[in-house]
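Common to both upcoming complexes is subunit A, partnered first by subunit B, then by subunit C.
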Partner chain A sequence: MISLDQIIRLIFFPPIFITIVFPGLIALLIVIVFLIWLERKIAAKVQLRYGPLYILKPLGGVIQTVADLLRYLFAEVIIPRRADKFSFIMAPILSFGFAFIPIVALPISSKYFAFKSDLSLLVVLALLTIAPIFILIIGWASDNKFSFIGSLREGYMIMAYEVPLFLSVLAMAILYNTLDIIEIVETQSKWVWGILLNPIAAFVFLICTFMMTARFPFEISEAEQEIVMGPFTEYTGIIFGLCMSYSYIKLYILSLLFAYLFLGGWYPIVWPFTLNPIMPGIITLIKGLIVMIIGIFLRSVYPRFRVDQTLRIGWEGMFVLSIVALILSFSLVILVK
Partner chain B sequence: MSEDKFMQVLIGPQHPGSGHMRFIVKMDGDIISEFEPDIGYVHRAVEKIAESKRYIQIVPLVERPILADTANINLGYILALERLLGIDAPPRAQYLRTLLAEINRIHSHLYGLGIHGIMIGSSTIFMWCFADREIWIELAQELTGARITYSYMIPGGVRRDLPNGFNEKLSKAIAYMEERLKDYEKIFINNPVVTARLIDVGIIKKDDAIKLGIVGPNLRASGVAYDVRKIEPYCAYPEIDFDIIVRKEGDAYSRVLVRFEEIKQSMKIVKQVVEKIPSGPIINESYLKLIPPKLREKAEQTGIWKMPAIFINLKPRKGEAISRVEAGRGEVTHYIVSDGSPNPYRFRVVTPSFRNLIAFKYTMPGHRLADIPAIYGSLDYFPPSADR
Partner chain C sequence: MIPKPSTIKRHLEAIITGLKYIFVKNRLTLRYPEMVQLLSENYRGMIKYYMDRCISCTLCARICPADAIKMYTVGENKLPGINYMRCIFCGFCVDICPKEALEFTNIHDLAYYTREEQIQKPIEFSKGPPKPIFKKEPMKIVVKLDKSRGLKYERT
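Right, the complex of A and B next:
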């Protein structure tokens, strides 16, 4: 007989809790459903309309995304005759999977984590860089010119956003003198938040996050009026649903990472909840949500840039700024010593 | 994909950014090297159908291809027909025609601005323009009884008189729109992403614009002060004070600005029209006699005139007539050949979109794939209008 106590202990066993509950699958699903709804609702508010309303009307149609997801689930998955079937089906699944895996390296609090590593920050970033490769494979496998152009655009963008993003993270790692997310947050609780220490790095990280997750004004690879749906033009049904949620997963992970790196992670904790994973988790999630909401709000303000303009922003703007952030970090470290 | 370094991309007709047409684009990397617009997907043979219709039946027919700008295209047809018939509308009718034409110009420009917004990715300006367009459509409905297809102008006058309380509604709409235009400036006109996307994109130089025969706001954005309302004034325009908006740059951004400023000018015209409008009949005296006395009495009370059935046998003299009108998107030319029968022998309408079409072919090469919607939207091209 398994007692209730055992079940609770099993659920709160860190490797299971982190992958399944928070920040893993369940929290992710809730956040995506909420985020897509909020994105549409905010845009609707700005644009003088109602937005999603009729599904669960008392709550303003908050589960509209669930209904959409169900529709995707029951829609026929059409595979074009000339597509490379294996890569066509596997690439979105793998990109979804690899976008999701970095979650295991995200801790909830200093005493609650799936595994402790000196390089957990590096693990998250390294795993995040694998997913875009499958977008390139999608573009090739679909055998559609718009998919091809879209994935090429994504390919150009990868270089433009990843280098500044990594450099800004490096700047923070130099500042905290560690690559362990737990230690980074602990260091911030002793000093001040990272965003005050190195605002330039925070800015670069934020902009590169929006580039990476195809938020406006960097929604280049999926530009509807130019290349239909970019890499995902040929997809239907639930695989299209995977493609759609892919960028939101990345936004979710990068926003949490932003909270860890720049916003002090799970601090400040109120005393009685120190050991419990719920309170620190909620604090981190709220900080992450703020970043995500900034990202989705941009949709109702900006149109999109051209791909060459985005590359210029990446290389001439963000890259230079990230170098400045590095220098700032070095000088801060020298000043303190 | 072919083996050479060019890639041919077919955009449309089933594409979110193409409209009812196809672009055959030859790409050299991300740069367009050849651009061929392929039109005709919504051809409805308006000119041929017109040959089998009575003159009065053509009034609603000409509206169909240019749904965003029906009043102006209608006005052009009526002016040509009136020249054939040798009659004129009374002054009050002329002012009412001007009023509707300008209200229509405003919502046509809002339509173009909104579509351009969504084409470069700003869904906000799209929604705002289409929401505010509603106000002008409601006003036009108040005046004519229809939202889009007004069929308001008839030979010799207009169908309805100014309704009660129209002036207050109009001044309310103008005050609201002036406030909204400030919001538009913030979110779209002065948006850094919009300026980055549109400035120095799709430049049509002054000489090229004249050579290619571009019309309307697109021509004025290239530095040519050409407006039929000033050059060959019709209706009440000679008595009304307004400016031609001209910009020198000739790029996509200046075309947006010209449209944006023209909305303000149109509001200025509308204001003057309701101030200066003379009293009097709204249909030509000679046609007024044809209406039975009972109907005429009723019409004088309500201000709504019903055309008597006798109008179906309208027979103009043998000959031909041409008219030019400045519509929202540019100059519309109507040409009617009459052989003295109740049907036109030949009817021809040259729409502004058809004349602006050529700009695609010569403006696009050298730009990037992402510039196609930016330039397309800035030309305010409307495929059904070009295909007729």
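Right, the complex of A and C next:
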């Protein structure tokens, strides 16, 4: 017979709590529901409309996304006759999975984490780079010209955003002299926030985050007005739901990473957050949410760049800036020593 | 690629404009069942017919560009009936009527269950359109011209 105490201890066992509750599945679902609602609401507000309103009216239609999700759940999943059946079904699931796995390496506080590694920052980034490969597979497996064009566009962009992103992270790693997220945050608590130490790296990281997660103005692979829904054109039902939440998961993880790297993570810890080792996570989540809200706000302001413009921004703008950030970090390190 | 200062300025302008619009409280959507726009007296809504004034001149049926008005024989007289499936609310019939037997109302929000209900014979036509029923008393809104925003809604 399992006692209540054992169940509670099992839930609060770090590897399970982090993957299932926070920052894992449950927190992720709530954040995505909130983000999609907020995205539609902000875009509506800027365009002088109301946006979602009638589902739970006193709160302005907050659970509209839950209703959408239910609709996806009960919609029929149609698999095109000419599609490669196995990869057509497996690729979205795997891309969702690989976008989700890096959450394991995100610590909640210095005393509460799933696993401590010297390379946890690298683990997060390395796992995030696997997911786009499955977008390419989706484009091939769907046997649809829009999917194909969409995944090709994604393929063009992968290099343009990943190299500057990694270089900006490298600049911060040089500055903190570690690749462990916990130590990075601890270092920032002793000094100043990373965004003040190296604002160029923060800027590059932010822009590359928006490129990576298909936010406006870099929403090129999914361009609705041009290629229907990009790689995900042929998908229906809950698999389409997976595809849609894929970019939001990446945005969620990268925003949390931004909070860890540049905004001081779970510091400053003030009174109510000192009670429990899990509570500091709320501070990280709030900081991450601010970054996410900036990302979704851009939708209401910007049109879409062309592929060549984005590639130029990636290679001629962000890449050069990330090298400048590297030099800045090196010079800072030398100055301090 | 180093962006020009003017490019950066335009990016900032776009973002600031977007931020400004988030906090400005003036939407162009009229939430219809809860808010109802007060219409002017000259509004071309559904048409009311006064049977006692009618002199059966058939001018309304002749001028109608959409063939919506048709004359029906009622007893010894010929009186007009209207087909709302065809009517384009142009107002020619109201203008041409020499005895002012046709008149615009400012009711436009009506729905019918069947097509046949929309073809109104003289007796039904003379009853005029019914008033719309709201669950709650709607908020009355007046549309005003605003120099900075274009249209502006105000409560009465």
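Everything that follows uses one rule, which is that the second predicted complex is superposed on the first by the 327 of 337 C-alpha atoms of A that agree within 3 Å, B and C clash if a C-alpha of one lies under 4 Å from a C-alpha of the other, contacts with A are read in each partner's own complex, and residues count from 1 in each chain.
Methods note: a residue touches a chain if its C-beta (ideal position, glycine included) is under 8 Å from a C-beta of that chain, and two chains touch if they have at least 3 such contacts.
Every value quoted in this text rests on a predicted model; they were computed, and no experiment measured them.
Q: Aligned on subunit A, subunit B and subunit C: do they clash or fit?
A: clash
Q: Is A:E316 touching anything from subunit B or subunit C once the two structures are fitted on A? First, second, both or neither.
A: second
Q: Scan A:S300 for contacts with subunit B and subunit C and give back first, second, both or neither.
A: both
Q: Applying the touch criterion given at the start, work out whether A:F216 contacts subunit B, subunit C, both or neither, answering first, second, both or neither.
A: In the superposition, A:F216 touches subunit B alone.
Q: Which touches a greater number of subunit A residues, subunit B or subunit C?
A: Of subunit B and subunit C, B contacts more residues of subunit A.
Q: A:K145 in the overlay: touching subunit B, subunit C, both, or neither? Say first, second, both or neither.
A: first
Q: Return first, second, both or neither, reflecting whether A:P58 touches subunit B, subunit C, both chains, or no partner chain.
A: A:P58 contacts neither subunit B nor subunit C.
Q: So, does A:Q225 touch the first partner subunit B, the second partner subunit C, both, or neither?
A: Once the two structures are laid over each other on A, A:Q225 reaches subunit B alone.
Q: Applying the touch criterion given at the start, work out whether A:L48 contacts subunit B, subunit C, both or neither, answering first, second, both or neither.
A: Once the two structures are laid over each other on A, A:L48 reaches both partners.
Q: In the superposed arrangement, what residues of subunit A touch both subunit B and subunit C?
A: Residues common to the subunit A contacts of subunit C and of subunit B are 46, 48-49, 300-302, listed in rising order.
Q: Where on subunit B is subunit A touching in the complex?
A: Touch residues, subunit B against subunit A: 1, 7, 9, 15-17, 30, 117-124, 126-128, 131, 187, 191, 193-194, 196-197, 368-373.
Q: Residue numbers of subunit C touching subunit A in their complex, please.
A: Per the stated touch rule, the residues are 1, 3, 14-15, 17-19, 21-22, 26-29, 31.
Q: Where on subunit A does subunit B make contact in their complex?
A: It comes out as residues 43, 46-49, 145-146, 149, 216-217, 219-220, 223-228, 299-309.
Q: Can you name the residues of subunit A that touch subunit C in the complex?
A: Residues of subunit A touching subunit C: 42, 45-46, 48-50, 53, 297-298, 300-302, 312-313, 316-317, 320.
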